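Chains here go by letter, A, B and C, matching the order in which they are written, and residues are numbered from 1 within each.
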Amino acid sequence: MFRNQYDSDVTVWSPQGRLHQVDYAVEAMKQGSATVGIRSETHAVIVALKRAQNELCSHQKKIYEIDTHSGVSIAGLLSDGRILARYLQTECSSWRWDYKLPIPIKKLTESMQLKLQANTQYYGRRPFGVGLLVAGYDKDGAHIIQTEPSAEVVSMKASSIGARSQSARTYLERNVDKFENASADELIVHALLALRDTLPAEENLSAQNTSIGIVGKDRPFTILADTQVGLHLDAVATHPRSNAQQGHGQAPAAAPEPMQQ
Amino acid sequence: MMHHDELQRTLNPTCTGTSVIAMQYKTGVVVMTDRVVSYGKTARYKNVSRQYKVNDNVLVAFGGDHADFQWLQNVIERQALFWKRFDQEIGPKALHGYLTSLLYARRCKMNPLWNTLIVAGIEEEEKNNKETSTPFIGVITQKGCAYQVKHVATGIGAMLLNQAVEDSWRKKGGDITRAEAEAVLKKALELTIYHDCTADNDFEIGSVDSEDGVNLGKEETIIGDWSIAETNCQYE
Amino acid sequence: MACSFTGIAKNGPNPYSEMFAFKAAMKAAEAEPVWRTSRIIERQRWNPYSFEGGSTCAIAGENFAILASDTRLTQNDINILTRDGEKMHILNDSIVLATTGFYGDVLQLKKVLQSRLHKYRFDYRSDMSVDLCAELLSRNLYYRRFFPYYTGAVLAGIDEHGKGAVFSYDPIGCIERIAYSASGNAEPMIIPFLDCQIGHVTLSDEAEKPPLTLERATSLMKDAFRSAAEREITTGDKIHLIIAEAGKPIVQKFLPLRED
């Protein structure tokens, strides 16, 4: 993607009907390390790949708990993501203040959409350079909500965003029939298998670089501890990495060098 | 000495409704109010309902200032519409929480809403699950003191009827049918018309049921037994 | 202002009429002093507080904290609003708030703390400790110094070192960490009992002083509430017991109490 004369601000249209600043923000999201979300009838799982810039560095925080019934994982500019996660947290909190109940995920989705959209329409604003996967459970069941910097907010059965997420999406599309009735543990394994497909052949998932968040019926949102992550990774390791090469072929041509943050 | 800003606050209610009596039964709630609004002790407006249907899950009944309640009806309606905006129906717990915040906030401004509210209903998701279906009755006092009950009488009924209602509830071991609950309420109303001079013998029984949803009751009348009046010698 | 007093006339026709006028003026000034603002007048007219009665109590042990309250909410001390009121609120795995007083304020206070704890959990990825929450509660109470939360709060739980903690408050945020505390209408009955049984303040040096185990604390709680319910009308219906033990989940129990 190259610079052109129609990208000076989000309020500027290109003759093709595009908002280039918004498109750029979507690119930023695509360069963040990948995250995968899947829901069944009773549970929603989000898993994410945490990068460490170098060996002296701690791993990024990719998953946030925003309420007892909801959590969010982030792909893109993590600093932008934290602001959005904090926004969602205050939304949850103020809903509890008003009604003494957890916020319905649909309402959370609506608030999120409005906040994202504002930054794609007003002069001088910058769209958030992140995509989010919100996992939630409320009286309507389990939810995975995917958001993009373009303020595209969609409810998904399974979703993946971030670098090389196309490979994960391939896995998800092939196995989508199995998710609806899967148990919580099966769901985690599916999500991890999808996430593993986003990795180059020489890398693998580890307890250090993998984050798992789960929420569901009678199960408040929790970010699993490293030891628990390890147990699930053991289950994943029994599945051979069949289509690692194939996955590479399908990865988008964009993002040759992942953005460092 | 009257100050200007006092005129803008309900520090004395004008037209009021008296007791509300409500009771749970297996799969729902029945709520009884009489149909009179009093100006002091004058029965000022007759045939006025003191219950408001929010949606198919929730019913609100009130005692206290009628003008304040009419304003509250508007607030509640706006809330119900707000929830519809994201495909939800406001449930009794949420409305109870909201109205508690509202009444408490108003008392903190020293500008209270002069009402005691009863929020009765069933949560949408429990409606579809018969085993866990637990009806809800929430009470909110004028000062924002809120609690949940299985049966309640407010206003002067709190003094007169709470015990009578509780006794009949306990006699049935809490496992009460709708017909039985209605019978208890009617008996309770009979007691209020004997003792509460602002209570009326025209009344209605509204209900929230996990199958039938919310129904505002038809107007009914009770006469009671006034034979004892013949032997009352204090009035010549 | 109804003020007809114009000074005492030396040679007036009737000295008594001047005296009566003076008395009337004093009375009027007393009833409506000029310094009263409209706000003060209004506050005297409508009381924003009500009291729902009942009592709560908490005892801190070496590795546990135990709290108890009754479950009765009353109106004007004589009329029972409900027999299943909640006066204790579990804020997280190691903090419990027990309060009596004006129930509207109790609910608000609980909401404020829950909201702050929610924020803390997001910011720090862990639950707040009872020591921090105790300080937070104090600040929140003092913030409303001039329109107080009319609550007798007791905050208890397990502190960062795994020890039982009980914090006691007055309505405007005076805070003290103590071994045991009670608040509410039966406070004057429960405190002397605990002074004797746990504080051992009235015992001679030779007297046997049993150690405070969880079992002993629990039975002291039951005794305290049963005797309080005998004499204090707003305390009754049920004892609600909450036991927090270090490293264990919080346990709740309900025991019957007098219902009259």
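As a working rule, a contact is a pair of C-beta atoms (placed from the backbone, for glycine too) under 8 Å apart; a residue touches a chain by one contact, two chains touch by 3 or more.
In this text, all values refer to a predicted model and were calculated from it rather than measured experimentally.
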Subunit B and subunit A - chains in contact with each: C
Which of B-C and A-C has more C-beta pairs touching across its chains: B-C
Relative to subunit C, chain with the most remote C-alpha centre: A
Gap in Å, rounded to a whole number, between the CA centres of subunit C and subunit A: 47
Geometric centre distance via CA averages, subunit C-subunit B, whole Å: 30
Interface hub residues of subunit A, defined as touching at least two other chains: 97, 100
Residue list for subunit B, restricted to those that touch at least two other chains: 100
Footprint of subunit A on subunit B - complex, ascending: 85-88, 91, 93-94, 96-98, 100-101, 123-125
Parts of subunit A lying in touch with subunit C, wherever the complex brings them together: 64-67, 85-86, 89-90, 92-93, 96-97, 100
Contact set on subunit B toward subunit C in their complex: 1, 3, 5-6, 9, 11, 100, 104, 107-108, 110, 112, 139, 141, 143-149, 152, 158-159, 162
Residues of subunit C touching subunit B in the complex: 1, 32, 38-39, 41-43, 45-46, 48-50, 52, 73, 75, 79-82, 84-86, 102-104, 107-108, 147
Footprint of subunit B on subunit A - complex, ascending: 97-101, 104, 106-107, 109-110, 139
